[in-house]
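Next come two complexes, and both contain chain A; in the first it sits with chain B, in the second with chain C.
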Partner chain A sequence: MFSSFMINTWIAGTAIALVAAFVGYFVVIRRSAFAAHALPLGAFPGAAAANLLGVNPFVGLLIFVGIGMLLLRQLARMGRRDVGTGLLLVLFLGVGALFLSMTNEYAPEVFSLLFGEMLGVSKADLWPILGICAVVSVLMITIYQPLLLDSSFPDLAALQGISGARMDLLFLSLLALVTASALPVVGAFLVFTLLVGPPAAAQALSRHPLRSLLLAVVFAECSIWLAIALSYWSNWPIGFFVGMIGAGLFTLARSYRSWSQRQRGARRVAVP
Partner chain B sequence: MWAFLSSQPVQTALIVGTCAALVSALIGVFTVLRGNAFAGHALADVSSAGGAASFLLGISPLLGFLGMAWIAAFGMEFLGVRKARERDLATGVVLGAGLGLSALFLYLDVTTTSTTGATVSVMFGSLFAISRGLIWPAILAVLAVFALVGGFYRPLILTAVDPDLATLRGVSPRWMGLLQLLVLGLAVAVCALAIGAVLATALLIGPAGAAIRLSRRPLQAIVWAMLMALAAVWMGIWMAYESYYWFSGNAWPVSFFVVALIFLFYLLAMLGSAQQRKFRYRAATALPGIQES
Partner chain C sequence: MTNQRAILAVADLSVDLGGRSILRDVSFDLHPGQLCALIGENGAGKTTLLRTLLGLISQRTGTVMIDGEAPRKHRALVGYVPQKITFDPDLPLRTRDLVRLGLDGHRLGLPLWNTRTHAAVDAALQAVGAEDFADRRVGELSGGQQQRAVIAHALVRKPRLLILDEPLANLDFGSANALVDLLGKLIAQQQMTVLVTAHDMNPLIPVMDRLVYLVDGRAATGKVAEVVQPEVLSKLYGYPVSVLRHGGRILVLPDAPENADVANLNRCAGH
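On to the complex of A and B.
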C-alpha cells in the first residue's frame, strides 16, 4: 500500500484534503455549497480542452475556472443566484462533453475527469498541486480574520470597512485555486464532496470557529486516507468512498448533536 | 427536411425530447419559485446513480433514474431540507453520497458488463440512441405529472409563492412539499433520459428562470417556459442532426446544443427584462406623477 507508485498519491491526497478543509469551512458558513459544486464542474472543460490540444492541463484548468468564477459573479448579479449558478454549471459541463466527444478515448476520459484517477499521480503532477496548496494556505492565514467576520456578520464587517464584494471575490478565487489543483487527481465531483462533507460534520459538532476548523481538517484527512486505503484494497473508485464517508460523518455528527441537546434539555428540567 | 423527419432515431428523439421539455418547464416554474434550484439539480445528479444501476440490473433506465431520484428526495426531506439554513448543507451531503454511488455503479458497469458507453450516456445523454420501447413510459410519466399538477394547482402555487399564507389557508406544507418532490422526481427522470443526468438541470431551471423574468403570472410563466424549452429541444435535435454535415462527419452531441440554446434564451430574457425595466424607469422619471408599477 505504501509502495513507490502510491507515495505520490498519499502526498497529493494529504495536501488537497488540508486546503479543501480550510476552504470548505468557509463554504459551509457562507452557505455556498452550490458554488462549490459549480466551480469544479466549470473547470472540467478546461481539462478536456487541454487534453484535446495537448497542453499542460493546469493551464486549461486555471483559465476555465477563472472564466467560470467571473461569469458566476456576473450571472448571480443579474438574476436569481441559484438559477444563474445552475445554468452556468450545465453550460460548462455541456462544453466539456463537446470537447471530450472530439477525442478518441471519450468514455474513460469522462469517467476519470468526473470521478478521479487517484492511482496515477506522477511527479510532474505533484509539484503544481503542492505549490497551489501552499499558496492557498498562506492566503487563507492572511485573510482568515476579515473573511470570518464577513462570513458570520456581514453588517459588522461592512462597518469595519471590509468590502463584502471583495471578500466574495477572494473567497471564490481561493475556491477556484483549490479546485484547479485537486481536479486532475480526485475528479470534479469528489472535490465538491471533500469541500462539503467533513466541514459540515465539524460545524455540527462545534460552533467555535478555530475548533471547528481543526475538526474539519482532521475529518478531511481521515476520510481521504481511509478512502485511499479502501480504494487500494477493493479496487473500487475512490469517489465512492469519499462520498459515503462524508455522508456518514455528517449523519453521525448531526445525531450526536441532537442527542447531546436532548441530554442538556433533560438536565435543565431536572435542576431548575 | 424530409430525410430529417423520416429517420427513426430522430422521431424517437423528438417525442422523448418534447416530453422532457413540457414536463420540466411545468415543474421548473414551481422549483424556481420555491428557490429549490440546488435541490432540483442535486436530484438530477443523484439520479445518475440509478441510471448507472439500471445497466447492471438490466432494467429500464427510466425506472433507474426515477427510483434513485425518489430515494434522494426522501433522503433530503429526512436530513432536514425544510429549515432554510440547513437546506443547502443537507442537499450538498446527499449530493456527495449520491455521486459516490454513481461512481461505484459506473465503475462496475464498465468492469462487469463491458458497456463502455455507460458513463457518457448516463451523464450526458444520447437522445438519438434511445430505444423505441421507452416512448410510452415517458409519455405515461408526463401524463401523470400533468394530472397531479392540474389536480393540486392552486395549493402548489400558493405553497411555492408564500408558504405561510398557504398554511393559514389550511394547506399542509408537508404534503405539498412531498407532492412537489414526487413530481420533481418524475420530471427529472424524463429529463435525465433525454439529455443526461448532469445536464437535466438545464431544462429544469433554465426556461423557468427566464420565464419568471418575462411574466409575473404563474400560468403565463409556465407557457413561456414550455415554449422556450420546446424551442431549445427541437432546434437542438435539428442542429445536432445537421452538424454531421457541417463538421464533415463529426457530429456534435445533442445535449450540448440544447444546453447552449437554453443558456442563450436565459441571457436574452435577462437582458430583455433589464432593458424593459430601464425603459419603464426612464418613463417614470420623465413624467412625474406616473409611478412605476
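On to the complex of A and C.
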C-alpha cells in the first residue's frame, strides 16, 4: 500500500484534501455548491482536448477551468447565476464529448478523468499539484477574514472597503485551481464531494469559524486516506469511496445537528 | 451647539442613478449627540441618501462631509446597520465572531484573539445587550437579536456616527420600543450621533432631535416642530396635506381631492 508508485498518490491526496477543505469551507458558506459542481466538469473537456493534441492534460485542465471560471462569472453578472451555471455545465460536457469523439483512445482515459484514478499521479504530475496546493493555502490564509465577512454578509464587507466583485473573482480562481489539481486524482464528478462534503459536515458540528475550518480539514484528510486505502484493498474505483464517505459524513453530521437542536428546543420548553 | 463642528454636513446634494434624478438639493447638518430621523415613503430616496453618505454612491453635485472630510476617508468613523439582515442558519459564526469581524474583517491573515480584541468585542456586545446570545450561531437568532448583533458589529470600531436603515421595519412593537431605548442610551452614554431612516416617524419621536423629511428626492429639514407643518409639507409634496396630532402621535395625510370639504370639516371642528 505504501510502495513507491503509491507514495505519489498519498502525497497528492493529502495536499488536495487540505486545499479542498479550505476552499470548500467557503463554497458551503457562499452557497456556491452548484458552481463547484460545474467547474470540474468544465475542466473535463480541457483534459480531453489536451489528450487530442497530445499535450500535458494538466495544461488543458488549467486552461479550461480558467475559461469556465470566467464564463461563470460573466453569466453570474448577467443575473440568474443558477440557470447560467446549469447551461454552462452542459455546454462544457458537450464540448468534452465532441473532443472525445475525435480521438480513438477512448474508454479508460475518460473513465479516469470522470471518476478518478488512484494510480493516475506520476512524478511529473506531483510537483504542479503540490505547487498549486501551496499557493492556494497561502492565499486562503491571507484572505481568510475578508472572505469570511464577504461570504457571511456582503453589505457589511463592502463598508469595510472589501469589494464583493474582487472577492468573487479571487474565490472562483482558487476554486478553479483546486479543481485542476484534484481532478486527475479523484475525477471530475468527485472533486465536488471532496469540496463540499467535509466542510458542510464540519459546519453542522461546530459554530466556531476557525474550529469548523480545522474540523473540515480533518474530515477531508480522513476521507481521502480512507478512500485511497479502501480503493487499494478492494480494487474498486477511488471515486466510489470518496462519494460514499462524503455523503455519509454529511448525513451523520446533519442528523446530529437536527437532533441536538431538538434537544435544545425541548429543554427550552421544559425550563421556560 | 454651533461652536461644535458638525459630525455630518450635507450641502445641496443631488444624486442621479441610471440617468434618473433620485435626490435634489438636499442639505442638512448633524451635530454630536443628536439623533436625526430620515423620514420618507418607499422610493423617496432614503437608501440612496444613506449610500451616498457611506461613500458607496457618488453624487452629481453638492458635498458630503463627515467630520470635515469626504466619506471614503472616514470609514472607521461611521457605523452602518443595513435594512435587510439575513444570516444562513448553518453559518459557522457566533455573534461574538460577527462583532469581531467589525473590528478586523478587512485585515489579512488569520485572526488573533488578544485581550484588546476581547475587551472591545465584550464592550460592544454589552452596549447592545447581546451578552446572552454572544456564543450562539448568529443565523439561529431572532430578527431583533440579529439586528442587535449587527449594531454591535457596527459599534465595535467606536464610530462617531451610527447609521441605521429602517431598523424598525420588521420589529414588533415591543422590540421596536426596546431598540428606540437602546438608541437613546447610546447617544446619552457614548455621545453617539445617530441617523435613522423610517417610513413612520412616530416610534422615534421621543428620541429624535432633527428630522429630514424626504418626498420624491427633495427634503425639508429641521426640528420636528418646524418641519411637520401643513405649509412646509404641502409645499414639499406639491399638493395640500394635513398634519394631525393626537396624544403625542403625528399623522400626515393628503387632503381629500375636494379639499374644500376637508377645510369645511376642520372649520366645523374648530367651532
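Keep in mind that, in the parts below, the second predicted complex is superposed on the first by the 264 of 272 C-alpha atoms of A that agree within 3 Å, B and C clash if a C-alpha of one lies under 4 Å from a C-alpha of the other, contacts with A are read in each partner's own complex, and residues count from 1 in each chain.
Note that contacts are C-beta pairs under 8 Å (C-beta built on N, C-alpha and C of every residue); 3 or more make two chains touch, one makes a residue touch a chain.
From a predicted model like this one, the values you see are computed outputs, not experimental measurements.
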Three-chain arrangement built on chain A, chain B and chain C clash or fit: fit
Touched partner set for A:Gly161, first chain B, second chain C, both or neither: second
Chain B versus chain C as contact partner of A:Gly68, first or second or both or neither: neither
Superposed arrangement, angle subtended at the Cα centre of chain A by chain B and chain C, nearest 10 degrees: 90
Touched partner set for A:Leu114, first chain B, second chain C, both or neither: first
More chain A residues in contact - chain B or chain C: B
Chain B versus chain C as contact partner of A:Ile29, first or second or both or neither: second
First, second, both or neither for A:Ala97, with chain B first and chain C second: first
Which of chain B and chain C A:Gln145 touches, first, second, both or neither: second
Partner chain(s) touched by A:His37 [first = chain B, second = chain C, both, neither]: first
First (chain B), second (chain C), both or neither touched by A:Ser212: second
Shortest CA-CA distance in Å separating chain B from chain C in the superposed model: 6
Chain B and chain C contact sites that coincide on chain A, given as residue numbers: 28, 31, 200, 203
Complex contact set, residues of chain C against chain A: 54, 56, 75, 78, 80, 82, 84-85, 87-88, 90-94, 97-98, 101-102, 104-111, 136-137, 150, 153
Residues of chain A touching chain B in the complex: 28, 31-34, 36-37, 41, 78-80, 82-87, 89-91, 93-95, 97-98, 101-102, 106-108, 110-111, 114-115, 189-190, 192-193, 196-197, 200, 203, 236-237, 239-244, 246-247, 250-251, 254
Footprint of chain A on chain B - complex, ascending: 32, 35, 37-38, 40-41, 79, 85, 88-89, 91-101, 103-104, 106-107, 110, 116-120, 123-124, 196, 198-199, 201-202, 205-206, 208-209, 213, 250, 252-253, 255-256, 258-260, 262-263, 266, 270, 274
Contact set on chain A toward chain C in their complex: 28-29, 31, 141-146, 148-149, 152-153, 155-162, 200, 202-204, 206-210, 212-213
